[in-house]
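The following pair of complexes shares a single chain, chain A, combined with chain B in the former and chain C in the latter.
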Partner chain A sequence: MSEKWKNKVALLVFTVPTLLFFTIIVFIPILQTFQKSFFDWDGLSTPIFIGFDNYLRLFDDPDFWVSLKNGLIFAFVLVVYQIGLGTILAIVLSSKAVRGRKWFKTTFFIPVVLSGVMVSQLWIAIYNPEGGLLNSIFAALGMDYQQAWLSGEHTSIWAIAFTNAWQNMGILLVLIYTAIKSIPEHLYEAALIDGSSFWHTHRKITIPLLSETYKFGLIIAITGGLNAFQNMFVMTNGGPGNISYTFTFMMYKAAFRSNEYGYGSAAAAILVIECLLFTILINKFVAREKISY
Partner chain B sequence: MIKRLTNGTLKYGSLLLYVLVSLYPLVWLLFYSFKDNEEIFSTNVFGIPKEWRVENYVNAFQSFDLIMYFKNSFIVSIGTVALTVLLGLMFSYASARMKWGLSNAARIYMTAGMFIPMQIILIPLLMIVRSMHLQNSYLAVIVPYAAFQLSFACIIFYAFFRSLPKEIEESAAIDGANVYRTFFSIMVPLVVPAIASVSIFVFLFAWNEFLVALVMISDNALKTLPLGLLYFQTQFSSDWGAMGAVMVLSTVPTILVYLLFSEQVENALTVSSAVKG
Partner chain C sequence: MKKRRIFLPILLATAMLALSACGAKDDGTSGSAGEASSGNQQVKLKFYAQYSGENTAVYDAAKEEMKKLMPEVDVEFEVAAQDDEQKIKTYAAGGTLPDIFFASSGLIEALKNSDNLYMMDKAVEDNKIEDQLNETSKAMLRHDDGHIYAVPNVGQWSSLIYYNKELFEQNGIKVPANYDEFLEAVKGFSAKGITPLALFAKEKWPGVQLYDMAVVGSEPAGLTKLDGGEGTFSDEAYRQGAEKIAELSKAGLLSKNAFNTTWDDALAQFTSGKAAMVLNGAWAMSDISKAMGDKVDILYTPLADADKVDQVQWNVSGGGFNQGFSVSKNSKNAEVAAKYAALFSIEFAKQRVIHLGDPNPILKENPEPLNGISSLQEKYKQDSANFKTMTTFPWGLVNAKFKTAIEDNVQKLMLDYDTNAFIDTMNKSLELARK
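Showing the complex of A and B:
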């Protein structure tokens, strides 16, 4: 066999298994989800083509609008908490005067590595209306905020989203912190001479230079919020009623509880389109120019 | 001077405040795993247990098959890591070190998985698994986990392979090593740090994953820890102390793994975020 042939064979040996595996398990199923969303299908018998009926049914379903709203609230909470608070903590942490940075960083990251089910269960106890940690803190402070966080119509989705934001804030913190550390020192020296204040300096220098990181952070926070499922599944089972539903929850319920696989696929397809839309918007409006120092 | 002092206090103050927000719920969990319901919710909500009720842990062990769930999660996680690392290394080596026309396109195709939520493919995936009779085998979750983690692994491995000097393969070729030997005995050992990062990240992912496991695994004997926790919650919902004990026990391994390898986890995270969304 010639050298050229050997190299060609080697290339196929190295790439084909991975590409094939990824295509069969990830790529083709995505297409199938879209395809099946146009069918009436119980998962066993032959699917019947029904055009856009599943989508029309979705738009008529009160669960759909609640899910849409909840996904957006969830995304909003993640963005504010993880990117907002993450930025503040990362800036404070990166200042030279602070010692024990590694320890702080590790501590803030610990909730990230826990299982989402366990964290959800922990927060069920924290939100417990009868003497849970949160209500007890309000009582101890003499504040009249005690309530049934998870079953309240106006608090439920916020409380659930907060749990997720609390757990995963460390991811954004580490990313933003690392990005700040890569900003060259000399950019700050000029500001120091000008006598500009701590927060002013960071607002004018640090934050604009983080736009690439923010782009990535916004994508994971927003798509993470839109995709929310396990927190509500464990904490409220979507209820009471449908007040903590999301698209993934609708898909799960339709497909795996009522065997309406076509309808479930339509909910999943809407979710993909929604995530794609946000990713395109973020790419369009955040960090359009390449950063160079 | 005074300004610097207050500045310092403010900085440490805000950081320590968040340490409290971040850790106290976990410490609170540790405390309540030794309490009874009355202490948890009324007589002693915040503090150290008045009486350390080890029986919560005994109850937990008796009514919760912790060893089985640990074993299942361990097999699933190791299987996922092995498959992801092997396929990811081979593909990334080809895309970073070999010259071929579609190299760039194939690499971008593989990274797309980073931005696709797993639940999208859940329905077709269940059909694949059913038709291949993989239901109620560990492969029913290992296969989708590995497929989705491949994107992340390829990004990290590609970055590492690219950073190695070109001369390595040249001298290996002069020594007469073929491409497979060069790959396994020269290139792979050079990217061990990347393998460590990817392994830990993927391990933690597989250990904690919930939704795919929920849909794919129905046989109780194959359930992973998150499913076990859910089962325990529905069965023993009124015994908060024992529930807390189960939660503590299930959490200790992940925290230990993280504390031992926190550097690798953070590195993997930062490298993967450099990919264009």
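Showing the complex of A and C:
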């Protein structure tokens, strides 16, 4: 067998199983979701083709706009907290002047390995308006700022999103930290010789060179926010009413509680389109040039 | 090199086999682990039910009794998930429904429409099930189309507001007999820092039930009328009900944490004296009586208007409906399963009385409870004979779209007190649900 053919066989052997697996587990179900979104279907009976009716209904459904808004808020909180705070912490932890760096890194990563249900329960207790930690802190500070964090129309989704952001910040922190560590030392040495300050150095060298990491981080934070489900399922069950709905929750309600699989599929299809759109935009505008050292 | 050439195709083939096996189609045995039902051959049936908590002993005892009636049948219980019926619907979609399962009204409707339910008319007739049921329970046996798809296993439960007699006395608050007095009680307790009503609103149905209780004083059919395709939320009874819920919520009816309160939390608040009242069905009476003794009493229609209360005091919220043990049409042993399910329903009802002291079973006969019944259960037993009309619990609503809409919107009403928005949104949802 020639070298050319050997390479092709190796290529196939390594890629085909994964592609096959991805196609069966992800791609075909997505296609099926799009297909089912054009039907009036309860998940059990024979589907009836209704064209774009499910999509037209979506835009007239108050749950849709609440879900869209909440998904964007969720994504915003994840981006700001996980990437923003993750960057600051990674920069601080990458400095040799900081003592106990290893301990801090491990500590920040611990919530990531905890179960989402457990973390949600922990934050339910913290947010409890009657004797919860957060309200108690405000009371101890002499502030009359007592909130029903998970039941308030303007606080609920922020509180839930923060829980998720807090839990998974460690992932972005580790990614950014690793990326910082891969930046060649001589760049910093040159900046030091030129008299650049600590923050100026990081603003001009570290952050621009992290753009590829940010691209990946933005994609997982934004799609993670738009896809959020577990935290609201455990913490508020989407409520009170629909105030903490996201598209995934709307999809769950339609498919499993209202027996409207077709309508739920339309919500899922919009979610897929939304995630794809953000991914395309991020790929187009973030880290357009490949960085090589 | 030769080894590698063999290894790679084997690896690929294994991967393909593993993946294709994931999609293997079930041959339609629907979970039956046993052999065919002919003659006296042993049959093993899968039984998907709420085999947990206080019901475990009831199921076990009923199963033991069934061994005497149908010794050739052995059942294996699968604990039903509290998951909005996702699991059982997934079983149905995959053609692997258990032989016997508990089905609510909504599930019966969905499974009947998709031709997954075995018609139990013959099993009920052959085994004289109807003769053993009392009059109120006979109405729960048949679906709207006149056929039997599930045999009821529990009686008509009323929705109740349990109240702490001592707490009312200690705080000098009158036990409410009508809406105005109820509102006064809410204001009174709220002012004293006591939660007036412990509502476990982390689940969505208690809010709906409270709204139904606010409606039955003016419209005895409550939400079942709307579910059945009649009326709208603009009708006086439903508008007034919404106004009452909004007013009570505004007056401090619920705790700040009500929407994150589970039944266990609500019960703890009630039994510890932190809440004056708690809402639940009559099935919770056994637990509450055990915890509170004679300190607790019940209210049926405390949200009715003062001028109507005498006429509507026995128009209660809650009720029984067409639900119970159903059989999969695709079961290999459907006939045996139908007979077993029908007889099991009767045994289950008996054992609920014996073990839990159910005050209003579905049966004509009156089995003796092992531990007697509490004074509260005795009171309820006598009162239930006076019930004139009943409505439903949310899982008894047939229209799933209507059910989910009312569940979400009552919670919103309790939160923003906006009656007009509630009526507008619910009227739109109703229109959509009736299409």
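Miscellaneous remarks
Rule of thumb we're sticking to: the second predicted complex is superposed on the first by the 271 of 293 C-alpha atoms of A that agree within 3 Å, B and C clash if a C-alpha of one lies under 4 Å from a C-alpha of the other, contacts with A are read in each partner's own complex, and residues count from 1 in each chain.
Note that in this section contacts are C-beta pairs under 8 Å (C-beta built on N, C-alpha and C of every residue); 3 or more make two chains touch, one makes a residue touch a chain.
In this text, all values refer to a predicted model and were calculated from it rather than measured experimentally.
Of the two partner chains placed by superposition, only chain B is touched by A:Trp166; chain C is not.
In the superposition on chain A, contact is made by A:Asn259 with chain C only, not with chain B.
When the two structures are aligned on the shared chain, A:Asn7 is found in touch with chain B, with no touch to chain C. More residues of chain A lie in touch with B than with the remaining chain of the pair chain B and chain C.
Shared-chain residue A:Val117: touches chain B; no touch with chain C. After overlaying the two complexes on the shared chain, residue contacts for A:Phe229 are found with chain B alone; chain C is out of touch. Look at A:Gly239: by the touch rule set out above, it reaches chain C but stays clear of chain B. Contacts of A:Phe21 after superposition: both chain B and chain C are touched.
Shared interface residues of chain A (contacting chain B in one complex, chain C in the other): 13, 17, 21, 24, 43, 128, 130, 256. Touching chain A in their complex are the following residues of chain C: 8, 11-12, 15-16, 19, 22-23, 83-86, 89, 92-93, 106, 110-111, 113-114, 116, 201-204, 255-260, 400-401, 403-404, 408-409, 411-412, 414-416, 425, 432.
Interface residues of chain B facing chain A in the complex, by the touch rule stated above, are 7-8, 11-12, 14-15, 18-19, 21-23, 25-26, 28-29, 32, 40-42, 45-46, 87-88, 90-91, 93-95, 98, 100, 106, 109-110, 113, 115-117, 119-128, 143-144, 146-148, 150-151, 154, 178-180, 183, 204, 207-208, 210-211, 214-215, 225-226, 229-230, 233, 240, 243-244, 247, 250-251, 254-255, 257-259, 262, 265-266, 269-270, 273, 275, 277. Of all the residues in chain A, the ones that touch chain C in their complex are 9, 13, 16-17, 20-21, 24, 42-45, 57, 62-63, 124, 128-130, 148, 150-151, 153, 235-243, 253, 256-260.
Looking at the complex, you find that chain A touches chain B at residues 6-7, 10-11, 13-15, 17-19, 21-22, 24-26, 28-30, 32-33, 36, 43, 85, 88-89, 92-93, 95, 97-98, 104-111, 113-118, 121-123, 125-126, 128, 130-133, 136, 140, 166, 169-171, 174-175, 178, 198, 213, 215-216, 219, 223, 227, 229-230, 233-234, 248, 251-252, 255-256, 261, 264-265, 268, 271-272, 275, 279, 282-283.
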